[in-house]
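In the two assemblies presented below, chain A is common to both, partnered first by chain B and then by chain C.
Then we have the complex of A and B:
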């Protein structure tokens, strides 16, 4: 039996974002939201570990009220219950403040063997929340994990390195930040979607976690996002003149040189 | 209280079925359309993830959802994968499950609902005939009493998926028209299990047709087909009485499909209009392109609003015939207009098979003619909504 807490983030669907070229800004208006893609890998791995070893999976999400949709999806994917950390005070915090809030919620949950996060989220991909969370909880951590095997109180993990795979062994409890290569997240079945609404979801605010509102969110963060801009990209236009055979040869050379074809 | 906002559950249904649908992309459906081959992999994925449980009663292991959710799911599939993908859901969830759960009886009902939910059946609705057209009371297929059952003889036409069907809802005349007590008496609906015929033969002849070619339409011939009495859907001689419920559900489904398909082609057309440069600017900056696309959007929005109303009325046991017919009519026209404008926006490329616009255009034409021609919907609406004399 293994007690797992899986953290996931409710993010804007990046494929829905529109770029306002005139002002060099991202237009978030009307964009749909979702569970961050890599967090679905984290949920999937948590559910697979539970299915193999028994136990429970608690989903933990920090987000606004509309994050309930993602919470429900996580429950449909197989989490047994969920905690939604929703308080205006939590919003727009940097990665460290986010990890701190998550750590306080995990301390309130109390019992756990494994905490699973993604290595990063699709909106900011700081890659900091998982490791920082482990530090706040003072437990070991393994990042870029592509395989998890649990045996008793020990867990064996494969970590994806730039060239190769590192295998490590660790005692429980620990935090695992998974790589997206670890699995293929499932589609919940219709029955799972409809039964998700019957599972326990508890919302916690800063006061429920003993957190002073001014120490978290935007006000408590050391990193402040001052603006978001879109990188400018200009199309390269090259005109090849001459006969068809000459210009096609030069075109082929240019494509090879630019690495478009090889 | 009026509320058009979809619930969290409904949004999640939409997102999850949408994610499944896009696993089967344009190339998959283009190949199936070209070959005329049944999209079995897609059908099995729907069954695997339990989507045929959608409106199966909870006591039989289903989710017991209603027409509102069915319409949402059908709409989202059409929006992500096109008409044929969503028509399969109508065949199973509406023609089969909705009909059987409402009007079949006894152990047959429960067994078939559970088997349907597991994806063990494909259903065809055998109503239209070469000699009767939309005048259902003129159908010539007969079912004559024989011991503890009936013998069906006759021919049907334009029967979608009949070549794959393991169960068929067959409308047949059980009392000759001139002997019926009421004009509308004498028709009976039978549930025929095609793989389990005690007697007789069902022949099918595929029609090489225009729309939804991966599902296919057929002529179907019933030669002395025996059906036990317990396979009657509804009551003997009273088939006409349950047809409206069946056909209203069908109208809501075709409206949902049409709107979804319209949304799909409109999105493609807008993307193309934004990126295609002629005279050094996107063609979408020309009002000649913009206005028709904006009109298509308004038509689709209107059709979907009426579809929501019709499905809500259906689930609340209200008479939804008017709203269902308005939705089907508006939806079919909106989808065709959107597809036609998508071709115009794409220009020559719209005629190329690998743009997929031509396939959607062919598919979008269907619901203006079948299952009910738009003129018949207008006949009905003129009578019901405007009090004009009955014309049919």
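Then we have the complex of A and C:
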């Protein structure tokens, strides 16, 4: 039996964003939302570990009311229950504040063997939440994990590092930040989607977690986003169209001129 | 402003010294931790502008695991009292920085670009939203900041920094390394290559990848691939993957063949000197990130380009 808590984020689908180059802005209007891609790998791994070893998976999501959509999807994927951490006080907090709020919720849940997160989220990809969360909980972490094997109180994990695969062993409890290579997330069946509606979702506010509002959100954050703009690519962006042979001729000339072919 | 720089990679550490020295009147300390005798590395790190080197040598630091390294850096920080800690954004650096920020109650900025310091706070640009945008972020006061390897030149010159040797005090629970498997040579190959030709989803089947061989030969290029071809389809080994979850490459010439240009991929090749794209979709994001692009069917363009280059170079 293994008690797992998996953290995920409800984000705007970055592939659906409209780039307004004229005004140097991103247009978020009408953009679709989703569970951050890598977080789906985290959920999948949590559910697989439960299926193999028995136990429960609790989904944990910090977000606004519209994150309920992602919470429901996580339940359809196989989480047994979920906690949505939603409070205006949490808004515009930096990643370390997010980790702090998650850690308070995990302390309230109380019992766990494994916390699973992704390595990063598709919106800002800071990679901060997992390690910071392990730090707040004072448990060891294994990041960039591509394989998890559980035997009793011991976990063996493969980590994808720059120089190769590093295999580590760790006692429970620990935090695992998964790499996308770890699995292929499932698509829930219709029956699973329907039954997700019956699963327990509890919403927690700052006060439920013993969090002072001034210590989280924008005011409690040590790093703030001051502006977001569309980068002007410094690339030449010279496109050749037309017949393959003609375009190739011109590209070959350009490469010679640039001195990258000799 | 006081800076502390750290990376488990000595070359990256020298790059971070350069980053810190860009700030006027900065005082730079270096953290040198590990299980090996620090003497040799200490000498290498005694470059111009470095005022102190803090050394912690302990068997617990052998594999640079996050928990002991964080503890060592915390210990050094209590001595060096940095306003800013700069850490190399290697995977090991990335997993340490947020922990250290929590311990020291500092802000954390990862993958900082265009980093500048003013009135005691740091401001940096970060790539967000799948590469569609850049956010400018600012720390209220001090911060732990990660910077990508190779983003700065290595610091040079020489100095006689004050060397401080500390005894490792904290022992925290962590995982332990029980095995290591080096990546195959293909990866080393794409990382060091002067030119890289990469294949993407535009290829219809595995056998067609052979088309790239001649082109790569003429360009003296290593062959890479985007994530779908390695992780999802398994047409090429993971070791050849260029991108966020694969290798970051910075060759003189990068040729993206049949790659649409998702952030996953762009992150791994964006800093190449010259980028060329071949794709049949004129609206593919890769064309916003390339210097030269050919809009066309790769099955025609690749052989035609190979032929044209062969004629012009006489190879």
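One rule holds for everything that comes next: the second predicted complex is superposed on the first by the 236 of 262 C-alpha atoms of A that agree within 3 Å, B and C clash if a C-alpha of one lies under 4 Å from a C-alpha of the other, contacts with A are read in each partner's own complex, and residues count from 1 in each chain.
By our rule, a residue touches a chain if its C-beta (ideal position, glycine included) is under 8 Å from a C-beta of that chain, and two chains touch if they have at least 3 such contacts.
Here the structure is a predicted model, which is why all the values come from computation and not from measurement.
In the superposed model, A:230 lies in contact with chain C only, and not with chain B.
In the superposition on chain A, A:191 makes contact with chain B only, while chain C stays out of contact range.
With both complexes placed on chain A, chain A has more residues touched by C than by the other of chain B and chain C. Contacts of A:241 after superposition: chain C is touched, whereas chain B is not reached. Using the contact criterion defined above for the overlaid structures, shared-chain residue A:72 touches chain B, although it does not reach chain C. Touching of chain A by both chain B and chain C, each in its own complex, is seen for no residue at all. Interface of chain A with chain C (complex): residues 12, 14-15, 17, 19, 26, 94-96, 99, 122-132, 134-136, 139-144, 156-157, 160-171, 174, 177, 179-181, 184, 221-231, 233, 235-245, 247-249, 251-256, 258, 260-262.
On the side of chain C, the complex with chain A involves touching residues 63, 65-67, 70, 90-92, 94-99, 101-103, 105-111, 123, 126-130, 132-141, 143, 172-183, 195, 218-219, 231-232, 238, 244-245, 252-253, 262-263, 273-276, 282, 287-297, 300-301, 304-305, 307-309, 312-313. Note for the complex: chain B touches chain A at residues 8-9, 11-13, 15-16, 19-20, 48-51, 53-54, 61, 63, 65. Within the complex formed with chain B, the residues of chain A that make contact are 34, 68-69, 72-73, 76, 187-194, 196-197.
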